[in-house]
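There are two complexes below, and they share subunit A, which is joined by subunit B in the first and by subunit C in the second.
Our next item is the complex of A and B:
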């Protein structure tokens, strides 16, 4: 079982990810509304997996990815964003994210992306 | 604004509803309105656009549509807080998806959610907006595009 933190400024999206993530593999330990909150919660809970929105108030997702990777270089971050241009995807990966899922998404796409993200971590 | 530009947003609306509800959404022929009388329903999610393109993209819908859409998402709580959250998220998704066509210089703000129509602060009165009518189940809604530089 892997601990997961969900970061998104939308309550609906946080709850959707929480409901949809396969509970056989993922244990939701923290929900954050922006990057600043995410950094605090990450230090408190140390999840192995993070889902990260990009467009958020206070601190955006790209900066938050950088901060989390500095704290724990092994963290697996899946960016989940409506920003669907190639440049943004590449930027997120360059800053330390390990995967990118474009909104809107369905349950199957979410779990597919999470499974790909954590390949090898269950061993 | 070109037909291709409008098509980017039309495709975004269709993609959102298809992914979210797996129900067909119908999009009507876009038309122009004066910004002094902006198109609106009960709730509106507004995205500010900057970069080479400047202006506003918003999604506006009646409460009944948004409540039904929340239920389609598996969300049982149809309180006003979640209604406002959803209308902002739809606007954010449609505007964000447009970057696949316009590139990363098409900068979008975090959504501003309001009850009713955008004010003159959000919509310059010397411009006009394109309204894209949206029909989902028995409800009507709209995506409205007010952009300079396209």
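Our next item is the complex of A and C:
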């Protein structure tokens, strides 16, 4: 089982990810509504996997990715965002995220991406 | 650990793999060489020893004769009474040397070399040598005794001992010399046979080495040829693939340099040659924007990072669909759509290159666009069909005519030369009025396609009007819009005719008369506007709209009614949630009254029970046009202020589908001025607004009939 934190300002998306993630492999340990919350919860729970929205209030996804990677360089971050801005997605990966999933997504796409993301990671 | 395994694997690979023969041959070669060298060494040492033996045997021959010579020298010295000591000492030394050497030959041991150093001799082993030594010993034993008697004797005994020794020497000396000679010859022949053996060994060894060398060479060359052939075959296959695939294929390295091998299709697609070794920049630099290129480079850089999952970043590929303009052979530019895909290419587990595949997806994109366009056209046609089926065919025909005429007028306006920005501003306003009128009419007839089209048209003019210094070029996009509008009107006309034929109705050729505006059409207009704005409205018609007016008057009445009704619903009537707290019914009431005061005067009024005019907002807007000052307006009465609504550019609302951005009412005023009519506004804040039009009636050929009608409906 791998611990997962979900970061998204939309309640609906948070719920969707939480519901869709395969419980056989992923254990949702924290839900964050913005970057600041995410950093706090990350320090408290130390999840190995994080799903990250990019546009959020308080602290955006890019900065949040940077902060989380600084705390734990091994963290696997999957950016989940709309494709409106490819450049921001690339920037997030340049700052340390490991993958990108485009909104909207279905259960299969989410679990496929998460499985790919954690490949080679042992709990 | 891994490296060790790898090393072991490599060694095993070499031993049992394709290099086995070469390795075995080389090992044999080395073994053979080493054996030959060792034998050579061994025999050379033996030959060196044998040479020493031959030398010493030869010396024995000489010593046997020196002993004889010394005895004679001694005899001479005695007879001549010379000093006998030197010959006696020479004899002694010779005896000892001969004796020790003969002993060494017989049973092995040290002898003394010519330079006095000891030298080890192996005991002679061949039978001939042994016989010679044994025979020599048999002679030497008594001979040595006699000679020792001579050298050990004192002066008086020396002569008789010497005589005995000379006697013995005379009998045996030659035999001893012969035996020593035999020994020498025998030793020489042994050494010679060893040298012959050595030559044989060397010859055979070298021959074998040469044969081995040729075997290795043969194997090596054959293998080299074989691997060359395979490499060539692989290269040939790659070339064939690259020559024939339809996709653009190439490898990119970390510096974004294109590989030397790439597909021919790449050259054809990009109409360029010699791409190998050039950069991605050279390939795409003048086809896509710098920003796009830099994004693509950043994306590729991500692919070179092995901590990022390539399967998870495909969505970020900025070159998934790129529009490029490629110069064709005729020198023209052709627009194409390319799809780039990127795959990692590994070398020994590391990301060495990125394999780029370029697909020409122009056909697909064009087809998709055509499909979308067709869908849009179909939707529009269905919508037009629906509106046609719901409209009076005569009204529709007349509307289409109106559009044609308006397009003609707009064309004329566009052609007029106008240099100053004021003239251009006026041009924009004039076109806007024309377009706005069509919008009003289409709205009244429920022709949404025309409404949307004219609304977009208005937006474009709006942006021109907003510019402080409009230029002639700004009007170019209008030509396209105008043509679109004209084409659409044409298609509607064609459809109307077809439908007429289909339904068996024959449309009478219209004489340009405007479509009839009755309660149903006007009520529908009000409901549509209200619905769009989330309002509820009921239209009450008192009296009937006049028919048979002269054309100019007819247009004025229509413009006035349409504009003021739109105005009433969109600006006057509040939304239900605003009305209810004010104690008003949810649905607003709009009343259109038509009265004929006398035979020659017609009065039309449009009243709404809405919010009334916001005079403060109106003043601000008027000031914003720059034609009025705040101080000036503050002195005006509400009555006078409300006249501002007829000023071009003054409106209390933003430009939207249901408002004219301050043009609609000014358009009415223009007509009022020229028709000898008058228009007035009365508004009370919170209560409502009334627009009134009075005009002298000049009847057209047909008699005016006033259709009494009274209707009220909730929409």
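To be clear about the criterion, the second predicted complex is superposed on the first by the 118 of 123 C-alpha atoms of A that agree within 3 Å, B and C clash if a C-alpha of one lies under 4 Å from a C-alpha of the other, contacts with A are read in each partner's own complex, and residues count from 1 in each chain.
In this section, contacts are C-beta pairs under 8 Å (C-beta built on N, C-alpha and C of every residue); 3 or more make two chains touch, one makes a residue touch a chain.
What you see is a predicted model; the values in this text were computed from it and never measured.
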Touching partner for A:16 - first (subunit B), second (subunit C), both, neither: first
First (subunit B), second (subunit C), both or neither touched by A:101: second
Which partner, subunit B or subunit C, touches more subunit A residues: B
Partner chain(s) touched by A:93 [first = subunit B, second = subunit C, both, neither]: second
Which superposed partner A:83 touches (first subunit B, second subunit C, both, neither): both
Partner chain in contact with A:116 - subunit B first, subunit C second, else both or neither: second
Common interface positions of subunit A, toward subunit B and toward subunit C: 83, 86-87, 102
Touch list for subunit A against partner subunit C, complex: 78, 83, 86-87, 89-90, 93-94, 98-102, 113, 116-117, 119
Touching residues (chain side subunit B, partner subunit A) in the complex: 15-16, 19-20, 70, 73-75, 81-82, 85-86, 88-89, 92-97, 99-100, 102-104, 106, 108-110
Residues of subunit A touching subunit B in the complex: 9-13, 15-16, 19-20, 55-57, 81-88, 91, 102-106
Residues of subunit C defined as touching subunit A within the complex: 295, 298-299, 301-302, 307-309, 311-313, 315-316, 318
